[in-house]
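Each structure below appears as structure tokens.
In the two complexes below, subunit A is the common chain; its partner is subunit B in one and subunit C in the other.
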Partner chain A sequence: MKAYRRYFLNKLGWFLVTLVCAFILNFILPRLMPGDPVAAIVSRLAQGMSDATGVQAIYEQYTELFGTNKPMVEQFFIYMRNVVRGDFGYSISQYPRTVADTLKSSIIWTLGLQFPAIIVGWVIGNTLGALAAYLKGGFDKVLMPVSIFVSNFPQFGMAIILLVIFGAGLEWFPTSGGYGFDMIPNFSWDFIKSVIIHYQLPFWSVVLIAIGGQAIGMRSMAIYELNMDYVKFSRFMGIKDRKIIGYVFRNAMLPQITGLALSVGTMVGGALVSEIVFSYPGLGFTLLNGVMGQDYPLISASALIITVMVLLANFVIEILYGVIDPRVKAAQAD
Partner chain B sequence: MKHTIQQIFRSGKFVVGFAIFAVLFLIVLIYPLIITDSPLAIIAQGTFFEPGTYVSVFDSIGAPKYSLDLPHADAKRIANRLSAEGREAMRDWLVGAGVVQDDLDIEDTVQLIALWESHFDSTLSIPGMTNAKRNYYIRLDTSLKGLLSTDATIIAEENADTGALEVTKTIAPNDYVNINEVANVRFLPLGTDNFGRDVLTELITAAGVSLQIGFVAGTIATAIGLTLGLLAGYIGGVVDDIIMFFTNLFTVIPSMVLLILISFSIGQDKRGATTIAAVIGFTSWYWTTRAVRAQVISLRNRDHVNLSKLSGHSIAYIIFADILPYIASYVVMAMILQISSGILAEAGLSILGLGPRTTEVPTLGLMMNWAMIYQAHILGKWWAYLPVLITIALITFSMNLMNTGLDQVFNPALRE
Partner chain C sequence: MKRKSLWWLLSSLIILSVLLSACGGTAPAADEPAEPADAASLPREETLYFNGQQWGPVVGWNPYSSNNNNAMAISQGDNARVTMFETPYLYNMLDGNMYPLLADGDFEWNAARTEITFKIKEAAKWSDGTPVTAEDVAYTWATHVKYNTPTGAGNMAYIEDIAAVDAQTVVIKAKLDDAGKTVNPLAVQAYVSSNYVIQKAWTQALEERVSEDATAFLADTAEDVVYSGPYHKFFTDDTKVVLVRDDNYWGKDASMWGQLPAPKYLAHTIFKDNAAGSVALAQGEVDVSQQFNSNIQLLWESYGLPISTYLPEPPYGIGASLPTAFYNLESHGLDQIAVRKAIAIAVDYPTIIANAMTNQSATFDQVPRSLMNPTDGEQALYNHDAVADLQWAGNDIEGAKKLLDDAGIVDTDGDGWREFEGEKLSYVATCPNGWSDWQAAIEVVAAAGKEIGIDITTNYPEWSVYQTVVTKSDAPLPEGYDIFMMWSAGAGPTMPWGRIRNLISSEWVGMASNWNGNWGQYSNPRVDELIQMIPGETDPAKLKEMYTELVEIYLTDIPSFTLMYRPQSFHTVNETVWTNFPHQGDGTNPPVPPLDCTDGWGIACLYNISLVSQ
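Right, the complex of A and B next:
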């Protein structure tokens, strides 16, 4: 147990360090942008105003508000204060709403879409990959090329194809949004039904891509394990095939869990693009709005939240991995 | 070396991947030599012209005439003009008059017209038919007769002095031009896009640019990844710790988020294709580092390396002569994957509106972005986005197929 605690603390420390680095990167990168985002909103607000001093006054007021005239260090502390307070400052494109206000609802949509989709994709993909390694023959010959093709298909491409076939062509599912455009979010049966219908296409576009990649990984891991000496030895001992398969897949599964930790970032990145294709009201769509509106507080905050979500997912996976894999504990005890 | 290449080309997967890639690459190289038009030239006034051959009407009138009497020419002409609504109305009349049964095939224009011509009678009263409907049928019949008439169409020019129209030419229904004698004919196999640009020319240029972006990004990522991986793996100690710190950092922070932040920070004006490629390269080196380091660590204590050390060779010599040759095949595979993921990364960024600036070159991602903004996928303008998607998929698929093939050649455990 002591060894596991050390493993846990090690991972926790690493989690906090990456969090700080991500935080700093998130602050610095958007602020290096040439051009003045405040000038852009002022010119929008001051449309039709001919009084130059008036425009100047508006400009100064907004510069003050967003703190773009202050030195970087001071801006950083303002940013920290905003993050700690939980509102992330004012959104530039949707002023006077705060960034937190704009983002609040989209977090739930993104979590609700991506978390189940990645898990389902991972489970189905691993099952198929293991079956391909075990059954070989025709199943393998069909599954492998399809998996390679699907996993190399761009995420947005899958999203667009699903949208064209099932949304625009067959009209089984709506083509955009998270719920009917004529509805207000509530807990009525109609609303939930509408959410479920809108959920299908974005969900399957993420799942299908995930299946391909995971199946390929699981297949090679399982083939590798099936050729290990312990498998042959067990066969000679006359242990039932079913039981050996159980061992093999438990061993092949472990690297796949690490694989999930490593690829969660990429998957989330792809799923964000999927959200954009379907105008799904999640973080990806918010990010797009931020890019369109040159709204760096919004971009920075969405990027930060996405990063934190991925870091957390990683942390949880590694903690679970420590529990599942006896080798981790053994290695830590040395 | 020769033996290795022979072995590689015996792998079915590699050969298929290589063939697809080679064909794409040759098209990208050769097409611009034949069609030298600028890929971003706006040729169509209007959006999303359908694929097909466009023949200049003005030039056709001036071209030499030939009289051809082809069977069913009238039927084809009418079939082209007759709306689905008109066809149904004709069937309804014929059924109402008791001429045919309900299951008449209205797509068979020849039969439909023949039945109509022989049976239609404006004076016949059909039970339940209103007067307005009867007038509609009379109008329909007149317009059909107009289409079937053998009168020539007259081309007239305005006299500059008097302003009167003077007949310069008559065109009979059986006049034809030879398309080779028409001065301006343009074949647009994939139609035009939302800006009115030739999609095929644009697509091939875009594929070339995207391949370049992928290549630059892949080279940068592999160079950084290889260097850091070799250093971390071979030197170890503090160097290893520092390099692994950054590698782990980049692994957990989603590279898509970094890409978005950096491209946004660079700003629209400064984002050229090369800049984007460099940014992608600088954010995707980490997994090559990881993998190279793992391989180097397993090689570090091999006998031949120890022997080299004892002989007093420098670190650089040992890395180049004793370690690199063992991981070369792996590095090539990693680079292929980096190139293909670089192409995908560019496409993902462009969809967000953070791709290369739009005025200079098309890229596959930008074409997708334009098609999406103009709703090509909802409007059913498949030629604006489907060829682009297929091209992206073919490029990445062929590269991954090559990679899998190589993997099977160099990694005996995966052989079938």
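Right, the complex of A and C next:
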């Protein structure tokens, strides 16, 4: 128990150090970009203004509001104080909307699309990979090339192929939007059905690619494990195949779980490509616009969420590893 | 046990995902009409769908602010959008006239041309049922001035005051110069068709809410705003914005339209890019398209879809603005007219128009270059014969080479590039990254340079950086901005004067944030003088003379050169559900302009369209 506590505290310590570094970088990096985001707002406000001092006054008003006229260190402390209070401030690209409001309206779509897609892709991919390793023969010979082929598709390629075949060609699925272009969100069966239909193409454009990659990884891990001495030994001992396979997959699964944790962490970045191709609402596009518009508050807030999610997912996995695989804990605690 | 539950989870997930997809596969396609009268859906036959206006979610409904990103409801300017808020007059870009909306009858200048008087219609009402009065017009102006809004700041130099004489009568007092003459009569009369009338009572409520703080005043999202137009907010989220008709709209009075606009809903799906919008247009999910649809003619020629543009043949629309390449006049060699002219005449404009615009622009053979847009009204404003020798249609490589040779700008060191004063002519041509039609055009400009021995490379910074650099006119442009693209004004009540002023007036030079024009910082006292004189001139012959002189100077000095013509709005319609949209020669009188049924006199379209099924 003592060893485990040491392991836990060690991990927690590193977690906090990384978080602080990431927090500082999240703040600094966007602000190092060339250009001036406040100029974009002023440009919208100053259209048609021919009076130079008027434009200058508006500009100063907004640099004051966003604090971009203050030294970077001072800006950092103000930012930190606000973040601790849960206040991410105004979005520059969508001013006068707040960052919280901007993220709130798009994050649900991203989580709704990405989380199931990652899980389903992971589960199907690993199952297929394990089956390929176990069944070998024809199944493996077909699955492997197909997996390699599909997983190497760029995501925009997959999205556009699905769009052209199933959206524009066969017209089985709509080509854009999160729900029917003629609907208003409500709790009705029609609306839910519409959401599900609109969900299909973006969903499968993420899943299909994930399946291939996961299957390849799982297959090699499983083949490696199947050839381990303990498997051969168990077979000689006459232990039932099902029992052996249980052990094999548990062991082969470990690296795959790490991969899952990482992808769950990064999903907040959004399935940007699917969002753009299918005009699907979500955080990826909001964030892209934020980057284009040098929306410091929005970039920092999104990056912070991503950082925290990745760190948390890793932290949880590391802690779980300590429980699942005693070798890890033993090695780390030394 | 553990393994069992894992397999259970696994199989149920697979089953669920298969179910989800199967459910999608058998479900009806999305373009089937929704059940009518369902509060949760927009009946197809009561809704007019748009694209190309709204990009990104709506952030506010405040008519005083230009920061709402609310294209369906708020857009003031030359052809103001009058779906939710209304202007006293509606400008018609086709005949150049103003037609009364909130106003009753035409406006009148006094004999000295220092004041404009007009009346407000008795029937005009706010959405809360109270009448629209002259006091509302006056208070709107006073508020613009008080909070230094773009409208206030932009017109303060021309308008002294707007006052209410009685409940119905408005007087606009123009700013006068030292000689007692109106500074700019054009700008004064443009005010009445470019700016909304906003309710005084609501404005006062807003002022109280924000304690008269200017920043908070403009940042208020104004969800409670009172309006006079036929539509108002119904629904918005990250994927769409929907306006719904106000069936009590005052305009159904016989003194205005005599009826309500045909569509109950105006809906705009928020697409992420032009491609998605084009697909939706082809699928009949969009009725009115205000976006650049590449190779638009294929939709009817190859696919036989009931889609059309204002003109049946290229250029498909009426060109209104002049996307222009500006020279940085401080770059080495670009201070030489010969170099500027050589590049400009060598450019292959037909390729730009065919590739970048897929022929949705008139060519320079059809409409020779000047400072005017291709509309008949503007074309008639200058003497074509007088400047014919100065106009060029492009692709004149030999002429360009000769021009440079004659000016002594030749390749002296044999490296294939010309030198001026011993230094190689080497430039960067630029426009914002991702603006694909502009990028295609800039590539053609660079290619022209290579043909004539001038090394032009291209570079595409992000818009956020580009705009900061280009609009900073109080300092010379930095390296990398030798030849760069920006827009020009389109059609409007002050045009072509306003466009010319934006393109070549030196009054913008020295501005820290210059969103008007002349970004290459050209300066010519005679040009400034002419620009000063035109607004006050009423004699058509003299006006023509002055405009001709401006064109002559522009085509001689070449501080910038137009690359293509672009319509005021890309007005493409899909007549699957609605029909009777504005088309050339549609018999409407006055003619309804192709402005997407929302802008200026173009709003008349909403009263003319009807259902295909009826």
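Following the convention adopted for this analysis, the second predicted complex is superposed on the first by the 279 of 334 C-alpha atoms of A that agree within 3 Å, B and C clash if a C-alpha of one lies under 4 Å from a C-alpha of the other, contacts with A are read in each partner's own complex, and residues count from 1 in each chain.
Keep in mind that, in the parts below, a contact is a pair of C-beta atoms (placed from the backbone, for glycine too) under 8 Å apart; a residue touches a chain by one contact, two chains touch by 3 or more.
In this text, all values refer to a predicted model and were calculated from it rather than measured experimentally.
Undergrad: Is A:Met237 in contact with subunit B, with subunit C, with both, or with neither (first, second, both, neither)?
TA: The answer is neither, since A:Met237 touches no partner chain.
Undergrad: Thinking of the overlay built on chain A, is A:Met292 touched by subunit B (first), by subunit C (second), by both, or by neither?
TA: Touch status of A:Met292: both partners.
Undergrad: Let me test your reading of the model: by the given contact rule, A:Ile119 touches which partner, first (subunit B), second (subunit C), both or neither?
TA: A:Ile119: touches subunit C, not subunit B.
Undergrad: On the A-aligned overlay, A:Val20 touches which partner chain: subunit B = first, subunit C = second, or both, or neither?
TA: A:Val20: touches no partner chain.
Undergrad: Looking at A:Ala168, would you say it contacts subunit B, subunit C, both, or neither? Reply first, second, both or neither.
TA: In the superposed model, A:Ala168 contacts both subunit B and subunit C.
Undergrad: Have a look at where A:Val84 lands relative to subunit B and subunit C in the superposition and call it first, second, both or neither.
TA: neither
Undergrad: Thinking of the overlay built on chain A, is A:Tyr179 touched by subunit B (first), by subunit C (second), by both, or by neither?
TA: It touches subunit C, and subunit B stays clear.
Undergrad: Figure out whether A:Val73 sits in contact with subunit B (first) or subunit C (second), or with both, or with neither.
TA: neither
Undergrad: Between subunit B and subunit C, which one contacts more residues of subunit A in the superposed model?
TA: After superposing on chain A, more of subunit A is contacted by C.
Undergrad: Quick check on my understanding: which residues of subunit A belong to both its subunit B contact set and its subunit C contact set?
TA: 33-35, 163, 168, 175, 276-277, 292
Undergrad: In the complex, go through subunit B and note every residue touching subunit A.
TA: Within the complex, subunit B touches subunit A at residues 248-249, 251-258, 260-262, 264-267, 269-270, 287, 340, 344, 347-348, 351-354, 368, 372, 377-378, 380, 382, 385, 389, 392-393, 396-397, 399-401, 404, 413-414.
Undergrad: Provide the residue numbers of subunit A that touch subunit C in the complex, in ascending order.
TA: 33-37, 39-52, 54-59, 61-62, 65, 94-97, 105-106, 109, 116, 119-120, 123-124, 127, 163, 167-168, 171-186, 188, 190-191, 193-194, 196-200, 203-204, 207, 246, 275-279, 281, 285-286, 289, 292-294
Undergrad: Can you tell me which positions in subunit C touch subunit A when the two form their complex?
TA: 3, 9-10, 13-14, 17, 20-21, 23-25, 27, 29-31, 33-35, 38-44, 47, 49, 56-57, 59-60, 65-67, 69, 77, 148, 150-151, 153-154, 156-157, 214-215, 218-221, 234-235, 237-240, 242, 267, 269-273, 276, 279-280, 283, 285, 462-465, 467-468, 471, 507-508, 510-513, 515-516
Undergrad: Which subunit A residues qualify as touching subunit B in the complex?
TA: 14, 18, 21-22, 25-26, 29-35, 148-149, 151-157, 160-161, 163-164, 168, 175, 220, 223-224, 227, 262, 265-266, 268-270, 272-273, 276-277, 287-288, 291-292, 296, 299-300, 303, 306-307, 310-311, 314
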